[in-house]
Every structure is written in C-alpha cells, then in structure tokens.
Amino acid sequence: MSQLRALISAAIDEDLGHGDLTTDATIDGSATGRGEVLAKQDLVVCGHEAAAAVFEEVCRRVGGQVDYQPLIADAESVSASTVIGTVSGSLRSIVIGERVALNLLMKLSGIATHTRRYVDAAGDSGLGVVDTRKTTPGLRALEKYAVRCGGGRNHRHALFDGVMVKDNHITAVGSLTEAVARARGAAHHLVRVEVEVRTLQELDEALATSADVILLDNMDDTMLAAAVAKARAARSVLLEASGNITPERIAAIRDLGLDYASAGGLIHQAVWADLSLKLRQVDR
Amino acid sequence: MSQLRALISAAIDEDLGHGDLTTDATIDGSATGRGEVLAKQDLVVCGHEAAAAVFEEVCRRVGGQVDYQPLIADAESVSASTVIGTVSGSLRSIVIGERVALNLLMKLSGIATHTRRYVDAAGDSGLGVVDTRKTTPGLRALEKYAVRCGGGRNHRHALFDGVMVKDNHITAVGSLTEAVARARGAAHHLVRVEVEVRTLQELDEALATSADVILLDNMDDTMLAAAVAKARAARSVLLEASGNITPERIAAIRDLGLDYASAGGLIHQAVWADLSLKLRQVDR
Amino acid sequence: MSQLRALISAAIDEDLGHGDLTTDATIDGSATGRGEVLAKQDLVVCGHEAAAAVFEEVCRRVGGQVDYQPLIADAESVSASTVIGTVSGSLRSIVIGERVALNLLMKLSGIATHTRRYVDAAGDSGLGVVDTRKTTPGLRALEKYAVRCGGGRNHRHALFDGVMVKDNHITAVGSLTEAVARARGAAHHLVRVEVEVRTLQELDEALATSADVILLDNMDDTMLAAAVAKARAARSVLLEASGNITPERIAAIRDLGLDYASAGGLIHQAVWADLSLKLRQVDR
Amino acid sequence: MSQLRALISAAIDEDLGHGDLTTDATIDGSATGRGEVLAKQDLVVCGHEAAAAVFEEVCRRVGGQVDYQPLIADAESVSASTVIGTVSGSLRSIVIGERVALNLLMKLSGIATHTRRYVDAAGDSGLGVVDTRKTTPGLRALEKYAVRCGGGRNHRHALFDGVMVKDNHITAVGSLTEAVARARGAAHHLVRVEVEVRTLQELDEALATSADVILLDNMDDTMLAAAVAKARAARSVLLEASGNITPERIAAIRDLGLDYASAGGLIHQAVWADLSLKLRQVDR
Amino acid sequence: MSQLRALISAAIDEDLGHGDLTTDATIDGSATGRGEVLAKQDLVVCGHEAAAAVFEEVCRRVGGQVDYQPLIADAESVSASTVIGTVSGSLRSIVIGERVALNLLMKLSGIATHTRRYVDAAGDSGLGVVDTRKTTPGLRALEKYAVRCGGGRNHRHALFDGVMVKDNHITAVGSLTEAVARARGAAHHLVRVEVEVRTLQELDEALATSADVILLDNMDDTMLAAAVAKARAARSVLLEASGNITPERIAAIRDLGLDYASAGGLIHQAVWADLSLKLRQVDR
Amino acid sequence: MSQLRALISAAIDEDLGHGDLTTDATIDGSATGRGEVLAKQDLVVCGHEAAAAVFEEVCRRVGGQVDYQPLIADAESVSASTVIGTVSGSLRSIVIGERVALNLLMKLSGIATHTRRYVDAAGDSGLGVVDTRKTTPGLRALEKYAVRCGGGRNHRHALFDGVMVKDNHITAVGSLTEAVARARGAAHHLVRVEVEVRTLQELDEALATSADVILLDNMDDTMLAAAVAKARAARSVLLEASGNITPERIAAIRDLGLDYASAGGLIHQAVWADLSLKLRQVDR
C-alpha cells in the first residue's frame, strides 16, 4: 500500500515515543522469540501487510530483525482458534510492536468481517455493496482495503477522484440540472458524475442530465423499485441506493435491479475482531 | 489538544488532496451559508475542538472564513434531534470540511456514548472505568479524550509513561519478581510500576515486590473477590481488573473493592454515533 | 489551491535557507516599499495565488507584512509592459520573496501562454485540448491549473483518479480485452476506463469492450479519420488523439470529430514568460 | 545528491497517491520485465541518479525489486535512437515509476542539452557560462546539476551562499558604496561580494569598493567592452555579464575578456528532451 | 533510540544541505579509508549509536558504505589518547559525516563525564542523582541517555509522563492541597504526583496530601535535614532536593537520608569533551 | 530567523507531547497572568525571538494568547537581577511554554556571554573572533546568532557555503596544490577557498595556490608570527588562526596581524546563563 509507511511511523511515534519503559528494562536486546497471531473469534482476516510494516519500523528504530509471516491470507474466513500468522526474531521488537500490529489487524479484520455480512446478504444478485467516505481520518486507504477483503467494493476514494453532486451543491447552485452541468464541465473526462436524488421528481430531472450515476437516497423499498423502473425505461445509467443500508435491507432490495448499495456502516458500524499474539518460544 | 493540527492536516490531505472536483465546480468562492450539526440519536457529545480545527484548516487551504460554534458542550448527553453546534461562513469551505468534521464528531461521540454505559454500570461504587492502549493508530489522544467525555478515566497513554510488566516480559526475564525489580530500577521516580497476574499464586509473588499496581487479568468473579481480599490484607496497593470487562460485568464486580476495571471495548467496541450537518441558509 | 502552502514552504527553504546574506545586511526590517509586477512580453497571466502565498510565507519567517494585489486576473491575456500586480509592505520581505514569486509567475504564465496557442488552433471546433501526466515533479497541480488558465482542459490528475490501459498493461496481461475487463472490474464506479490503441484492428477490439474512452495513439491524419468513422459507427465512446500534438496538428485534425487531443507539450514545451518586479517606492 | 530522496518521495506522492488504479488491476505483483530508456532526439544525457531513485522509492512503497542501469553516463551527448539506460525487475514497479522517472530524465536532459548550446558558443574563449536563481521551485539542485552536465557552471546556489548586491538593495540603502560595505561587513569571510552595475559611472563606484565580483547588467556589446577595459585597468576583480544572454550573444561577447556570462535561459528557456521507456521483455 | 533518525536527518540537512563543496570536489566517490575516534582528554564515553547513525544517513544520501565500530562501550571511562571507535569505508562519506558525528560524541561524552562527578560525590550513599527538563531543545532523549551513561538517573522525561506541582501551579490554584488533589484526580494511575515545597510549613501541608514525592526546593543543608526528619516521621514518601546542586553540595548532603538530588547542571553546566577523528589509511 | 518555527515546534513536541498532566489539571484555560524573565547573573542577553516563538506555538496548540515583550535587547549586557523581558496573557500557555523558552534563552545567552570574553580579549586589535561548525546538531543558526550577539563573527555556516580544504582532503587528493585547484574549479565564483596548513612549508605551498584564505592550524605563538610575516610578504590573503583559541590566547596573539581567530569553544565551552521566569500576577 503506497502510503502505509507514513501511517505506521506516526502510529509508532504515538505508542513508543522516546522508548518503552518496561520492555527496555526487562528484555535484553539479544533475546529472540517466536509468537503466533491467533483468531479468538470467527473472522475475515485483514491487515497482514500493515502488521509486517509495524515490526519492520520498530526494528528500524530499536534494532534487531523480526520476520512476520502470514499463514492465512487476507480476505480468507477463519474460525476461532486459528493461527493466522507468525512472528519471530528480536524479542524486544516483537513485544514493542505487538500492540500497534494487533490494533491494525483487529480493526481491519473487524471491518472485513462486518462487510462480509452485507456481501453475503447480496449473494449472487449482482448488487454491488460499496463503502462511503465515512472513514476514520488517516486510515481511509486501509479501511477501504478491508472492505475489499470483506467482499465489498469501494466507492470513490475522496473528493478528488469522482464527482458527487449532493443536496448541498444543488442548493448552492439553485438547480440540479445546472449543478450537474457545471460539475461535468469542470471534471476531466475520466471521472464520472453522480447526482443525488430523493424523489421521483428529482430522478426525472437527473435522468435528463448527462449524469452517469444516480444516487437514490433514503428511499423506501417501494419508491426504490419505482425509481429503478423509471430509470431503466429512460436511459442507460448506473443506479446506487443509500441510506439505512444494513445486511437486512440488502436482502430486501437485492433483486430490485440496482447496481450498487452504499453503506457507511461497513466501516463505522464494525467493531474490532478479537485477535491476540501469543509468545510460543523465548530464547534469552 | 496539543497535537491535533497535524492529525487534521493529514485527514484533509486524505480527503481533499489536490481539490474537491464537485464543490470547486458548483459552489462559488464568495457564497456563504449556515448549517447545524444535528444529533440523530441519543448520544454523549464529543469532538467540537476537532470539528472546529477541520474547518479552520480547510479555510487555510481553500480560503474563506468559517465560524464553528458548539451549542452543547463535550461530555453532555443529548437526545435525538438536538442541534449540538452550528457552522457559518464560506459555503465552499463548509461543504468541503463537512465530511471530515462529521467523521471525527461521529467517531468520538460514539466512544463517549459507549463509555457512558460502562460508567453508569459502575455508578457510585468508586470503581474507576479505564481504557487501554487498544486504540486506533494515530487517534489515541482523541479517543482517550472521548473516554473522559464519557465519564471514564485514562490508563497510561503509551509505552513511555507508565510501567506495565505483562506476561511476555515475565517470560522474557524468567521471574515476575526479577522483572518488577528491573523495571522499577530503570523507570524514573514519577512513574508507577504495574504487574499483571493471572492466579492467586502470582498475586502472592506480586505482593512481595514493590509493584504499585497489580493487574488481575482474566479472573472470574470468585477469584477476583479472593484476590482483592488477599491483597487488601497484605499491603497498600492499587488493584485493577481486566479481561472481558463489559457494562454487565462491571455491574457484577463493582462492589468487590477493586480500584479500576480496564476495558479496551470502551473504544474498540464503540460504533459511531449518528450526526449530520444540515445547511439551513445559503447566500450565493 | 489545497496543497500550495507545502510547496511554497519547500521553495523558500530552498532559496532562503538560514537567511539572505545580502538583504539581511542591507535592508532594515522596518523599511517599506511598493513594487509592480510587469509583463515584459505578451502573455496569458497565471500564478497570482502562488505569488501571494510566497510573500505570506516569507513574512511568516522573517517578519513584516506584505500585501500582494493582482491587477489582471489569471487567464487574462495582456500585452508587453502591462502591470499585472502590485506588492507593498515590508521591503525586506518583498526583496527576499521576489525571486521565488517571479519564478512561479513566469513558469505558470509561460504554460498558460503556450497552451493558448493550442486552444486557439482548436477554435470553436469542439475539440478539447488536454494535458498529460508529463509535468514537473512536485508542481503538477500548479501546472494543470496553468493549462486551464490557457484555455486547455485537464486529463486525469494522476494514477489514482482515472484508468488508462496502455500498451505496457496490455503486454503484461496478454490481451487488450482482458486488460480492460480487469481494470473495469477493479476500479470504482465513478472513474472511467480509457484504453490506448495504435491500429484500426486494436480499435475494433477496444470497441468491443466496455471502455468509456479510446486513445488513438500516434495515428496519422488519415488513420485518425478512419478511426473516428469506425468508432462513431460502432457505439457511443469518447475519442482522444495523442502523439505529436502541436498547434499546427490541432488545426489539421480539429474537424475530424474527435473529442480530445492530448499534448504533453502544453507543459513541457513551454518556456517561461518574461516578467519582472520593479520597486516603485522605498521608505527607509 | 543529498536531498534527492525527499523530492522523489513528494513526486511519487503526487503521481501515485493511494494507488495506481490501472496497474494494480492489470499487472501481477510477481510479473517481471526489462525495458530500455531510449533517446528520441539528439541530446545530452542527464538524470540517471534521479531515475534510479524513483524506481527505488516505488519499490519501497509497492514492493518488488527494480534494477536501473545507466548505459550512457550523465553529461554525454548521444544521437537519437540511442539506448541510454535499462530497467529490469518487478514489472508493476517499472510501470508505476515510468512516468516520474521519465519526467525527470526528460526535463534534466533538456536543460543539459540546451546549456550545451551556450557552452559551445563560448568555446575555448575562457568565458564561463553560469546559471542564475531562476529555477523551478523545488528542483534547483537538480537543475543546477543539469547545467553542469551541459558544460555550464553554477552561480551561487541561493540567497544564503553568496552576496549579490542588486539595484533593490542599493535603492534601499541609498548608495552602492554603503550597500557593499554593509554586506561585506555582515557576510562571513568565505563568501565573496558581488555588486550589480548598469552604467560605467556605477562601475567606477563599484571598483572603489571591496566588491570581489562586478555584474555588468544589461549592457550592449560596446558598453561591455568599455566596462571590461575600465575594470581591468583599475584592479583585480571578477567580471560577469548578464541580461539577454543567448548562445548568439555569447558568440558575440566571448572574447571581450569577461570572466562569466550568466543566463537564466539555460534553465527557463529549455524544453524537455524526448525520451521514452520501451518494455523489451515481460515475464508474467 | 526510537526517535534518533529524525534528529540525525535534520542535523545532516543543517550541515550538508545541497552538498559539501570541498569534499565533492576533492574526494572521489570510490576512495575508501579508515579512521579512529580518539579521546583527547579523560572522559566517559557516550554517543556511539548516534555517531553510527550519522554515517548511515550520510551514506543514504551521498552513496557508499561506512562501518562504524565502537571499541569502548558507552558509559565506560577512558583516559586521554584512547581510541574509542573506528570508522571505515567510503572516504567521501566519512569526511562528510565527521563533524556531525563528532559534535554528538563530544556533546554527549561531555555530559556523561560531567555527570560522573556528581555521581562519584554521592558514592554509595544511596542518594540518586537525577536530571531535570533543562535540556537542549530537540536533544532531550540523547542528553538524558548521556546522564545515564554518567551514572545518573533520569527524572520524568517531559510534561506528559509525571505530575510535578510547582509554585506557579499552586499560585494559580490558590492552595497546595487543592492543586495536588486536582492533579492526582486528573492523572492516570501509573504516574506519581510530586509537589514542590520551600519551607517546613509547606512541607507539612504537602505531607497531608496524597503526594507521592516531595521536592525540597532551595533549602540550605540545615533545613534539608529538618525536612527529611519531619517527613520520615510523618509517612512514607519520596524526598528530592533541588536548587544549587553541585558535586560539592552532593558530598555535603549525601547522608541526610534524601532519595534524590536533581541538578539541571548535569546537562547545562557540561562542556563538550574533546574527541577527534584521525584518518589512519586512505585508498584513493 | 527563517527556520526557527520548525525547531520550536519540534521542541514543544518533545516537552509537551500529548499534554501537560499538571498544568491541564490545575490551571484553568481562562486564567491569565504576567511574568518577568529575570537575569540571575551578569550576562549578555540572547534569544528573545526564540522565546516569543515558543509562546506563540504553545498558544497555537493549546489555545489562548500570550504577549512576550523584550525589555533589554539581544546583545546587550545586563547585571544580575535585571528583568530582561515580560510575558503576559493565558496563564496556562505561559506555564506550559516556560521551560522551553527558558532553555533557549539560557543556552543562547550563555553562548553570547561566553563569546563576549573572547571578543573583549581581542579588543580593538582588529582580530576577528569567529566560530566553527562545532555546534549543537539542529541549533546551528541559533548558536551562530548568539555568537554574533556576543560580538563574535560567524565562519561559514556549513559544508555548502564555503570551501575549506583540510588535511583529510589533502590526504585524499595527495597534494595541497591539487586539492585547492580542484576545489576552486568546482566551487561557484561567490565562495572563497580556504586551505589549512600546519607548517611554514605547507604555508609556502598554500601561498602559491589561488587560495583566498589560509588557516594556520595549531601553531604556537612564535610560528604564528613567522607565518603572518611570510604570508604578508608574499601576497594578499586572509589569515586565520585555529587550535586552542581561548580568551587568554587571543590576548597573546591579538597583535600579530592575523585577520581571524576561530574557536569552537565560543559555543561548546559555554555553559548556560542563569535566567528564571517569575509570575508577578495571576488572575484566575
């Protein structure tokens, strides 16, 4: 992941600062060991690259060598008690890096595991489950990767790689049609334009623009069905539903003919998965 | 918060990058507006300073002035539909900063709200509810602040401001007694030494050291009670319970005479609270 | 411009470092002055925001206040001898910032001026003149802004906000069809997919994919005309020509029915425009 | 080059950001390849170290190993169609790094090639061709290196490593003599003092100071000749001409007895040289 | 040392900047050599890790390999003329890194050597000699490490890892008792609370609080003795003396029964120790 | 000072980190106060700008406003008990910034005070007292400024703004004459070339080169006198003595006719001057 190292370095600054009072005092720099990363619940694995980068950065700072080896690849499901990876080498660096590495593995596996529920609800319907920009500040690339590991798809990454005309933009411009025209006129030709609608009337207006994607926001199932029918009759366009998208809701709307359902909850309603690092061998 | 600005700057780099394709095209730099931050569920408020810093940094980058005003202070409980703050000024900067500001407010209010459940369970028993180092990499100071807003207390911030002798350190040294002695010998005289025990036998050993705090890890209620009794009979020491600490568990152990119960779940089992920003006025 | 300040700060580190030996010795910190930024050739103006940011950053470092005022807006054409902006305030900061501010104004106005030649050649034909990723490392956002000031349009900003399947990707995958399918499958639904073709045969293959845009690379005028005819007959698709695109070439192909012609030369064949800063008043 | 890595890292942030949508989707992480860097015009080679650093940094971020090998050394002249270097290893990293590496090679070879024209015009006259501080913000060290590769010499690097008393300083102080005295008094004894003059009268004043170097600015050939004669008759001093210095002008003044002619145009009138990277072998 | 690399990188930016004019011109990149780091006075060695990091960072920037080998470990005493380390490899990198490496070794060995005088004065009395926060901005971790090498102990690292209620805090709150109570209430349970007193009356007040450590500030020997007696009679508490603590003063108070004497002078009254780097072999 | 803010920010990171445990708990954010910076010994004042920058940065992080006012200007001598500056405003920010501000004032005033002794020894002899590159890593610009406040002059700032051919360079090249020629050939024409000699024989060789400055290193008074005589008889050249330069030595050699005597001890033999900040008023 291109920008992973800067994040990891900041995380280790945060946790290690000028030194680990306990480990520096108790664990000799020459001691070595081997540990296992253990799933303590059923989960979808995610975060091996980040965990490995943590131990690499810790070694760069406090010395020693640590080898992190994934045993179960990212995006695989495992049941509780599975060893998903091993770590061996400098005992001091293993113990210093343990918490940050686990924090990342637990958070990301939690998102992957939670996303899988939405994806399973969509099944083979062809409905794509996508995330949003509701992500933890600083961790977006990692969290969006976790969504992919859970079987979800990503929406645009940020404000700079896709056009999304929302109600605030329409209010500011005064007209949906004009807002879409301005956005299309300014954006380069490799980004698509999406526009948010909340009623069938707005949908009609959106269909008359050059918008490539229409976001059907906060519609109930009945209105969603009507919107899909209307849009499909009108022209070729991608249709995305949003608002209160849960696994249960996905099961309800999966066969309406939508292209995507987007849910911030893939990420912000996910709690961490339970993982631990157990030392299995120590050579002091 | 001392290091808030660097985090906010990174978050805006992440979301805004070289520019907001939609807003730059649709909202004029001279337009102004006023919006409200609305609680969409019952929650404990947290994050106003971070939200204000987001709009300040956005203005520093894209121009204009935005005034963010808290209406309900951090750490206050509100019911759904309460307006907790307002934002007014440059419409472009409001719309560009909205997502990052809300991401912080929602995440932090979620932690404060979740923590409040644990704290309410402890009631007036005197049992302190404390967090752990299981925090989102890069956001620890903010998350620990949210715990305080929820009524919880913080444990040590990081590896550098407290000594915690855990099983891995004991294994590395070969003896709990020796590990505590080494840690005490190396640490400066304004930090206390905590040691983790899992059995009453280990507790006996810990009580014979100079440890200031003993962590009773993963004991059931019966063993916890026995441990408290044994320790209180032996000497003055702070006692902390950890392992599977939930609001329900806290209710069960609150009167055992423990000083602290620590729970990573204050943070990692908290989902985001639901908040939105509604534009109430636009002058274009 | 969102990320302008970091660039300006690096530029001033580079030129000012620990101090300006000459100015610190000769110009008193309390002296003030007023200067004019003068066009020394016909040019299209570009770079006022960058110039203002230079003087702001210099003042942040060495003290004083400087007010930079544009007189002719970015994207306007002016003839030689026109004063395009004024700068007044701390004489020391004006003299220290002069070179970096002019370097940016000269470089950016040079690109805007050069781009205008391509755009004028396209006239009202509807052919969009677009840039490429051949930009000076570190200055892409500014250079792409200069292209817009010259009347050109931007292509994708970078590798992360658009899909462009080029010959190397096709070689790596083994098939154009498969490469487009993989890229479309992986990209989020707000980016379009462009694919590069060099022959009419490849064009046929590209037209059978879901590619949104086809890049007709290095074709002569005759082949370009044939390609446009073939594509327009086949399906709705955006067509872009590239390879040796000069103002003269644009004049030759402007009416072929292409959507875009992309030219790295907008930026990399532009020399700096000639501008200078003349002090008109000094109060010492 | 001491500070090259920070520049390269910023350049890759700019182009790669959170990831290459196309390459990540189409090129497997284990694929390898070999490519050639090809001169598409006659040029003076410059930029191998920068190009190698690009591929190294890309690998640090996305994994894999790439070996960049120069075939023709920096500062050598080659004719069109010469292979000046090769790159082999991880195909993904080669394709991701290609654009930034070429952008640097093309820009720097362009400067070296352009500078060579001025240097050739000076021939064996002993007149040194030197650059100025008119450089692209952020790239000064590289551009000044390119000037050396073209056979030119560098002037001072920045405001901090040489004293140059210009008209603005003289205006601020009120007298050339006093300005030189102040600057000499403040500067450390390993930097020389240069002063700018525009008339023979100013030259007389400058010759009466302790200035080590006199810049004869914007004089025509006749006045230049007179200035050289006057100065040589007066005392030992270095003489530099500036203002409208082109290869043609250098040919005209090369034998006047000047020490240096300085030209911003070495850098800001140079367009990029044409180079491309061709994959010659792919193992997928 | 966890954060050493950032400091070293800044130090090399400061000294090397865009390049070493002399070394680049005179020493070939392929030349190698071997040098010795020589103590030119009796001293306590300190700084090998920092010195090694300097040469590593120089090589990362200008190429080549350098091997730095300590011969006498940090914290050892040596007499003048002892070789304490060797450096071998790229001659260019050795010469470029020499000054920064020596600056660190000389400064840190100076502190270790100076601290040793205080520690020797305390002898086997059990009185701990501790430092303060009076450290060179940016070098605290290194300077506190040097204190440890000299046999001293560290006080809290900074404002964030210990509570120290000083006169200004007491003045701000209005009462020592209340100030201690507030600080104890806010601090996490792994930090201790220290409070400063200047009279026996204040000591009485402090003894009645929960303060873990009492700082006896600026008391003369007689008052110190009285204070120790009073405190020992009252309760278990750590006692620290501060104010004009010199080696001579330590000899005078070492047997009073204090736990610690803190002295900013360990660091700020230490001058650099004399060390030099002598090239013993050059292969050009 | 151009690069002061980055240093101050790092210093506050180091001391304040995520927060001041004591001050946050005891001093209300709305309390205000006024304090005085008091000289506790005779000293030469230095560091007001740095101190002011500390309080500004603290306020940027923790809020509030602080006004720092110098009463006695940098470079002035004061006797003990003089108030050299005042600070007023947010009490919390004053107390948090106090230590870092004083650390800078004490260190810099210490250097200025120590330097004054050397300068006084030189008196009106015309011998310039100059510093060296033996400076604290990261603080060079500040320390060299302190030398100027003490009446000393600066030598080159770093490796990049002056040529100094030392014994290692000569050894590497094999000949003093050749080393000087190479360095002169490579350096730009605004830097001078200095060469180090240790014997009269080497001086002869140096005088035959184009070196602008000759460093007479480690010569005793007799040899220094002979060297000056020989050099003055030969040609115009700047002469600098180095090696064991103390105030006493300066008194001994001040009238030999040297231009400069350089002493690392101006900085590395200076201990901190004694200053304190006393709160004179508190409004809580």
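Lettered A, B, C, D, E and F in written order, each chain numbered from 1.
Criterion: contacts are C-beta pairs under 8 Å (C-beta built on N, C-alpha and C of every residue); 3 or more make two chains touch, one makes a residue touch a chain.
What you see is a predicted model; the values in this text were computed from it and never measured.
Using CA-based centroids throughout, the chain positioned farthest away from chain A is F. Rotation angle for the C-alpha superposition of chain D on chain F: 180 degrees, rounded in steps of 5. As for how the two copies chain C and chain D face one another, over half of their interface residue numbers coincide.
Centre-to-centre separation of chain D and chain E, using mean CA positions: 45 Å. Rounded to whole angstrom units, the spacing between the C-alpha centres of chain A and chain B is 21.
In chain D, the positions touching at least two other chains are 16-19, 140-141, 157, 160-164, 191.
Listed in rising order, the residues of chain B touching chain F in the complex are 1-5, 140-141, 157.
By the touch criterion stated above, chain F contacts chain B in their complex at residues 12-13, 16-19, 60-62. Chain D meets chain C in the complex at residues 7-8, 10-11, 14-28, 31, 33, 91, 95-96, 98-100, 102-104, 106-107, 110, 133-141, 158-169, 171-174, 179, 182-183, 185-187, 191, 268-272, 279, 282, 284. Here chain C touches chain A in the complex through residues 128, 130, 153-157, 160-164, 188-192, 194, 212-213, 238, 240, 259-260, going by the rule given at the top.
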